[in-house]
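In what follows, subunit A forms one complex with subunit B and a second complex with subunit C.
On to the complex of A and B.
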């Protein structure tokens, strides 16, 4: 029965991918892509990678979808010249995509069996961290340096987006609210965020012991914030506001501070003192969740569209 | 029992998939967006059934997230709608 489920899932994913590639208008392709993200989440569930399934649903289905829809709406308004690709471009893209797929398939099919894995070592050291979710242990204890740099990259990406603002709008607020806010949208923006915030807090808290964690929680918070800004219930903040900028850096800053404290307390950068690892990790995660939420929210909002107030 | 639950999940996945392609091929933009809503509901059902079949509680969280974000995606879709001429049409349609 499980094999049948997998076959149906793979067939659905392939058909949906074909639909996205063949869609005539951009908007149809984006909607197909959002659906693809959700279906891919199901695929990750089948591979028993529940952490990845959560991230795929949150990023692939939620925030990326909004980002792409915004871009589509923007380019449609500016009535750009005909952007239809020439047949040679399409053929080149198809050949490249097929080459990447074939290469990946070749590598996957030729993995030694059993594949080399660090999983037993990661599970064995789990007790020392006090955590029960091995994915969180990898992200915030074993490979904490990678996670730290990843969060800094997010902020660099935001700096890149902000720098697209023209000089006279620098420091101003981005504009998300459409010209006309449909009634159902403003209703949804009032009803959904309380549940969303609750789910985000739960996702952060459960991440220490079960699938979930700071990135998923931050993404949900960002989605709820974006919803409120989209419906015009709250305007986007000025990008030069001090509180906003403090929120952006609080996560990486706490992470970095704990890293340097590691020299004094546990004899190495990002080393946690024995016995206190779990509370420290939860503290870092709480700060990171806030920073990720604000960073993703501002990334999707885009560069400043209004002059800074006073 | 797990086999029956997985079978039910397959059934729902197939039905959702068929509905998905029917809706995605629609000429009306709003109907296409309902495809995402359909997949959110159907996908959550599939995940809940699989979670019960394999007795893994964490899958319930995935279903929860799927529901939340499919509702969010629908809201995001209105963004592309109201910035163009369709906005005025939709405003006029309102009673």
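On to the complex of A and C.
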């Protein structure tokens, strides 16, 4: 039964990938890509990697798909000439992809079995953190520095997007609301957010002990916010607003502050005092969830389209 | 012996926290800059630049004082589960060089921004600073990171800071150049990440020390290293993957070009060096013969690409009509020298790679090119600011109006050509000696030809600077001396590197296992 499920899953993934590569219209390809993301999420579930599955569905399918759809809508109206790749380019890309895939398949099928892994070590060290989800322990304790730098990367991406605004609009608000808001969208934007927020809070809270965590929770919050902005219920804020900036940096700032406190209280940067690790990590995660939600929401919203108010 | 083998390799040393500060201080600045009003952003940058420069210099002093590498185990989690930072002699030299170039760039950018007070708090000026700080944080993380995934995050940070710098002025063609850069850089990141994941699949560890001690899984390791190096080559813009670089580096604002050309492309080169030297299995392993051939092969492929880079892009530089494009092509050519180091510095049982003269030559080329190229881009920036364009044919006699910039350009050019006294001379002299004594006549010929070609394109500009044009060249606006002086100081520093002795440089071997430890089983 499970084998059958896997075969169907893999066949579906391959078919969708082929559809995305061959689709003539951009919109069709993007919709295929979103479906591919969700199906890939299911694939990760089958591999027992629930944390990866949630992130793939939320980021790979959800946020990236939305971003692509907005880009497509944006470029559709422009009178830029339609540029299709030449057959030789397509052939070269295909050959390269096939070579990489074949090489990877060869290597992965020859990997040592059972694979060497840090999983037992990660599980054994869990006690010191008070957490029960080893993925969260990896992200916020063992490899906290990587996570911290990743959050700075996310903010840098936003700085980069904002820098694309014309000079006179810099600091103003992005514009998401389409000219005509479809009635179903407006309805969803009123009904979904309370549930979305609830699910996000649950995701964040459960992340300490079970699959879930800040990134998934932050993505869901961002999706709810985007829904509200897309439906025009609330306008996007000015990018120079201090409240917005504060929300953006609060997560990494709290993370950094805890890191420096570690020098004084726990004998080193990003070390947690014994016994207090779990509440501190939850505090960092709460702040990070907010920052991730705001960063992702503003990233999808794009650069300023209106002059700053006041 | 077994007790020694089980003792952790990474132990936090007394000055280890400095490595954390080197990475984190610029990151703190990025966050703070988002919060404060635009007029305070540059102030934060200068405070952090002063602190960061001090940190880098203290790291060097600490290294010289103790004669040992600095290390820090983050959060007390021992690798391979946790992360460690480590700075040996080469890393410390990179940290110091980076701090100097970043601080000089900061000064140049500030003086440049002061020329136009009305846009001083505007989009481009304000956005520049967090990007500069992020580049600094990422570079420091790359130089001291000991974990392949930390290095990946640092590479991403570097990319996301460098790409917006390219299109900071917002013109359509620079945005196109930035997009092309982004595509190359993301492809590079993807390949690197694939390789890192494969290595974890084979060894179950990502820290460089664990990887350097493990042998076996040869095909997977070869594929992984191949993917990672190919990805890094795309980021380092080695021929034939250099197509993105000239438009990106030539189109960026002057201060940004300086950082991009001097520092940003050095990061992937540094990582390739670490992969080949530290991760690629050593010849002492059980599969010795096979892997050792692989390592030599990697070195030879890199050298061929490097030599092609030197020859092809030097010619391209000579043919350019625009000053900044010429300098950008020269960057690709000069990067080529860093890749012909690999076969030249191939160590033997008694002499490790870092004890060879080619190793010292490569490191000196890295440092002196960074200083010289930053100086050149700044001088070109002053020229473009003064005359409103950088068409070489219309710059006749610019040396009369901008003597300091012309001098800075000429001195930096010495280093690129490899004429004494300059860091480039020592570097190329060492490489040439290594090529001749090591039996690599083609590489020796390439080094000489590259020097001649560099002489060609540098003298073409110096000739313009000293020319007497039929129509007197008039500056669009006066250029303050201090703006030009920054370029001159960097060019003089590049010349100053030329006064290190012509022999393997002891500082660069600090923190590397001694010869005797190398050959022990």
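In the analysis below, the second predicted complex is superposed on the first by the 310 of 310 C-alpha atoms of A that agree within 3 Å, B and C clash if a C-alpha of one lies under 4 Å from a C-alpha of the other, contacts with A are read in each partner's own complex, and residues count from 1 in each chain.
Here is the rule we go by: a residue touches a chain if its C-beta (ideal position, glycine included) is under 8 Å from a C-beta of that chain, and two chains touch if they have at least 3 such contacts.
Being a predicted model, the structure only gives us computed values, none of them experimental.
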item	value
Partner chain in contact with A:241 - subunit B first, subunit C second, else both or neither	neither
Contacts of A:111 with subunit B and subunit C, given as first, second, both or neither	second
First (subunit B), second (subunit C), both or neither touched by A:58	first
Partner chain in contact with A:305 - subunit B first, subunit C second, else both or neither	neither
Partner chain(s) touched by A:42 [first = subunit B, second = subunit C, both, neither]	first
Which superposed partner A:157 touches (first subunit B, second subunit C, both, neither)	second
Residue numbers on subunit C that touch subunit A, as the complex places them	12, 17, 20, 23-24, 27-28, 30-31, 34-35, 72-77, 80-83, 119, 122-124, 127, 130-131, 134, 137, 141, 147, 149-150, 153-154, 156-157, 160-161, 163-164, 167-168, 170, 175, 194, 198, 201-205, 217, 219-220, 223-224
Complex interface listing, subunit A residues touching subunit C	103-104, 106-108, 110-112, 115-118, 121-122, 125, 141-146, 148-150, 152-153, 155-157, 159-160, 162-167, 170-171, 242, 245-246, 248-249, 252-253, 256, 259, 262-263, 266-272
Interfacial residue positions of subunit A with respect to subunit B in the complex	1-2, 4-5, 8-9, 11-12, 15-16, 19, 27-28, 31-32, 34-35, 38-39, 41-42, 45-46, 50, 53-54, 57-58, 61-62, 65-66, 69-70, 72-73, 76-77, 176, 178-185, 188-189, 192, 195-196, 199, 202-203, 206, 210-212, 216, 220, 223-224, 226-227, 230-231
Residues on subunit B engaged by subunit A in the complex (per definition of touch)	3, 6-7, 9-10, 13-14, 17, 20-21, 24, 29, 32-33, 35-36, 39-40, 43, 46-47, 50, 56-59, 61-62, 64-66, 68-84, 87-88, 90-91, 94
